[in-house]
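After this come two complexes, each holding subunit A, first together with subunit B and then together with subunit C.
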Partner chain A sequence: MLSFQQPAFYQSSKCFVTHGVMGHVDPKQPPSKGKPWTAFAAQDFVYTADLILPQEVFEVVQDKLLKDEAIPQYKRVVMSLHDVLTGDFFNSYIKQGSVLMLSEGRRGIDNVFALKSGHLTMFLDKEAYERAGLVGKPHGVKGNRGIKPRWIVEIDLNSSSMIKGKKGYDRLIYASKNAFSDPMTWLFCNMTSRVPDPDPLTPFNPTICTSNPSTTQDIDALVPTLIPPADTSEQTARDKLEDFSSDVYEWLSLVRLQSPRILKGDSIDPYLSIYRVPDGSQSAKVCKITWRGFLSPSWTRQTMIDLFTTLPSKAWFSFSTTTFSKGLAADNTECTFLRPPNSSGEYLVWEVKSHE
Partner chain B sequence: MTQPMDLDPPPLLPSPSPLPKSHKSTPLTTLTLPPTTLSYASLTPLSPSPSSSPPPLDPLLLKSYLTSALSQFLGQTGAAIPIDILQVNPSPPSAWIRLPRPDLAAFSAAVASFGGISSGKEKLVLKVEAAGDFLGALISRGEGERDIWG
Partner chain C sequence: MLVPTKKDHQSIAADLLNRAFEPEEATKILTEKVIQRPLFLCPTSPPPADARRARQLAAKRAKEQRRTKALKPKPLSATQRKKQGLYQIPKEGQKYKLFEPLHNLWLGYITEILGNEVYTGGEAAGAKLASADFHGAGVEVVRSGCVSRVGIKGIVVKDGKFAFEIITVKNKVKLVPKEGTIFRVEVPVPMITKTTETTEAKEGEEKKESNMVFELHGDQFKLRSADRATRKFRAHFSKTL
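Presenting the complex of A and B:
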């Protein structure tokens, strides 16, 4: 109709839907294979996690997930890359422990460093890459790199060649002293419960932050039928599943947004909005719990396992996690999980991924 | 003399099997959602100077702002773009809307080039904070992520 190019900041993302059946979740043998678990594990650094539940089961969850010990903590600290890669910090946290760290900056614009379980990834611009003298690969959409390409350097700090005296490690230290000597703000999350004593982080005066969950209860919402359609004919089943998953995803997102459009008494004039909840919606009370901060995929996995073990199996719930924004268009990956009511292991997963 | 052809009987259509019970999760269907018909955008006010405070945002004000912006940029066709107001927060001011996907480009251009509306001393200028096809992925963008860095 109006022939406009899509604006530069808007890149289209894709949503992959999986409808499947899960086996029984055993808390003593945490599952890691199979669809909902691999989708959550594939996210690198989680910024927001939302949980939507029927109000009736809120007390059950409150005891387990909202008590003080279960609240995730992370730290904010100012260090240079050299500090991260040397000394007690390197030995106790990176070589022996398992930590997540992310430096401040926007990937694609600034130089960003990400550390996940000993795997260091550097997103660098051309000058920094050349000054560092490390081996990397080009970063960015092919054909769009222009005169100033960006580079990614990936180093596995867990490998046995990454100790003092070995060439690879020395080269990295040289780069950190010459090219990346400025201190940066990092977010730090210890994925294990073991804290080395004395804590190598203390000299850097970290700020301890907690991701206190915020709860919104007694939302008088119109809840659509959350049971995926089952049809024997293959083609219509696929079309119905497409429509069902788009509508339910939109509804879940509006609940997370706390939009008044899904409330029972919403009577907004059609001039302002023509959104309607999907057909067959019933009035019910739901509640929403949100965690924001620097969360790890292992925390999301543990929370999912706790949800499966504490909630009654007939109750429905939805859990979504969103990562930090990356790239020029500030895209992020999002993973939403839904367990329909009265299902025996059935689930639905939406994974929204940007093109990068 | 032709012999009747020895054809295999047509295969029976598989009957829907009961859901398998196992410890592994079995995906029944995987699909990629087709390009959506609707897109979402989030708008926040720009504060031109620290002392002035923009007028409080409500759905009618937002709708009249967007109609002015679109009609200034694209005339009647622009003003006719169907926009659904999903949520308006008076403080901190922000708004979420839904509109047809092909019009998202025109919409962002219109909002970006609009000078704002002023009522007396207060001036309201909105900018597009986030835009995309899937609402869930957009929700956490913006102010919150900048705050986490301190």
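Presenting the complex of A and C:
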């Protein structure tokens, strides 16, 4: 009642850098093993995707990625959990297809439901968990759980025991009727292009939203040398890589933010900004394409494969994806990929992971 | 030296008595109280200080005490109580149908207690309900710290101090502890129907019955129903809700 604010156990996000060599990408056999691919597949729901390219190769990409069929779509719909778990929607979308769904809310504060490839994850507060009657695990920083712990309930809806009449499914339906009976807003993304014939979503009047890519062209930027340092000796190689990767990541982030600091004629008072483009930067034209919406990791994988197949192998590019925030604001996970120019399969991946 | 002979010598006792009493009385006293006095062979003096004797006497006394104690009636121990099975419902008796009449009786009892408060609810209804008896009530576990209890629904068969015994529709008797559990009870309430103002359209509708729903917090309820009748319930702020 009159309790003071819980102490916040803040742990900063960590960035993991991987520098490696990739094999050849075959579009007919989409790769799923190995570092850049697993990093992208590990994200759950992608919110923003950015692509940074040299201006010369933009036309090549434009035909493939920016045409109408390639633009990803998602839907916003108001349903209750009971509607999601019963009827045609359950049978056609969840049991057979592969869909992504995310409900409205922030994970540490509201009750959030996430559905990815048949796995339903519920992030619940204490009251909702106790009223639901489903078995779950404690969630949250261990020191912060206190009197009001939060809970995660994970259910595999694809398993054969999730049909009407079985105990596990019946308990889930009971919970959805009693504890989660209010309708909530969901974001829905169908990962396959196959839509069942009487679309089970239409009775709920979904709003179709398209994530139109926004392009920014002809950025007169100072581009640093994007070639990673060759390994000279073991002691210095690690330090050099660390310096190189932090400089390049900083530069790429500034391009994504469309910051004027990387532009050619920038002369800001050093009192206001002490950023300087790394040494050896040359002037070049750069363009940036951004997609924003409810995107799936399979879309990012497909886009990466398209980029590898369409772009000339000498050109460099950088592709980065950011997920929805997991808790309080600015707590996203992010994955950035860079293919240096004139490389044969060399790559750099930065994975920013939040504490949760 | 003179040796006293038997004949000469009258006993000293006789001499003394002749001095105090008359002759006939003196002879009477002499015969009765001196010559014919009984001499006990084992006088009642305190027993000799013997450890064996003392132990034997102590054992005898203890035995006497135990016999008198064993004759007194004592309460049963827990194992003996369980063996008797007084509070166990026999297998033939574990039928939901058998308890439905009890449930109807309870509904009548509760509506009688609440009177007009069925429609208004509030604190007065709460006070009455808190001291009511819940044997035969239809309850459903709505929220619990132990998630497997949520969803148990049935008629209360036994209202113990720390737990409810509930019989479910599937004829199973479930023991649900009261701690950390919230029970929901629904009492059907007859709605007041309007008689003259009904329009054509409403005639087709049935008389609607609504329920008075209330939730019991088991944490605050850990008393036998007999004890609850006299207890005053005060509003507490719960740390765990």
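A few remarks follow.
Here, the second predicted complex is superposed on the first by the 343 of 356 C-alpha atoms of A that agree within 3 Å, B and C clash if a C-alpha of one lies under 4 Å from a C-alpha of the other, contacts with A are read in each partner's own complex, and residues count from 1 in each chain.
Methods note: a contact is a pair of C-beta atoms (placed from the backbone, for glycine too) under 8 Å apart; a residue touches a chain by one contact, two chains touch by 3 or more.
What you see is a predicted model, and the numbers here were worked out from it, not measured in a lab.
Within the superposed three-chain model, A:131 lies in touch with subunit C and out of touch with subunit B [touch as defined at top]. With both structures placed on the common chain, the touch criterion links A:294 to subunit B but leaves subunit C unconnected. With both complexes superposed, B is the one of subunit B and subunit C in contact with more subunit A residues. When the two complexes are overlaid on their common chain A, residue A:268 makes contact with subunit B while staying clear of subunit C. Using the contact criterion defined above for the overlaid structures, shared-chain residue A:247 touches neither subunit B nor subunit C, since it reaches no partner. Of the two partner chains, subunit B is the only one that A:187 touches; subunit C does not reach it. Judged by the document's definition of touching, subunit A residues 1 lie at the interface with subunit B and also at the interface with subunit C. Residue ranges on subunit B touching subunit A, taken from their complex, read 16, 19-36, 59-60, 63, 74, 77, 82, 84-87, 96, 98, 102-106, 108-109, 130-137, 139-141, 144-145, 148-150.
Those residues of subunit A that touch subunit B in the complex are listed here as 1-2, 4-7, 9-10, 12-24, 31, 33-37, 47-48, 76, 104, 185, 187, 207, 209, 232, 237-238, 241-242, 245-246, 249-250, 252-254, 256-261, 268, 271-275, 292-294, 320, 322, 324-325, 330-334, 336, 344-347, 350, 352. Residues of subunit C touching subunit A in their complex: 142-145, 147-151, 237, 239-241. Taken together, the subunit A residues at the contact with subunit C in this complex read 1, 127, 129-136, 147, 171, 174, 178.
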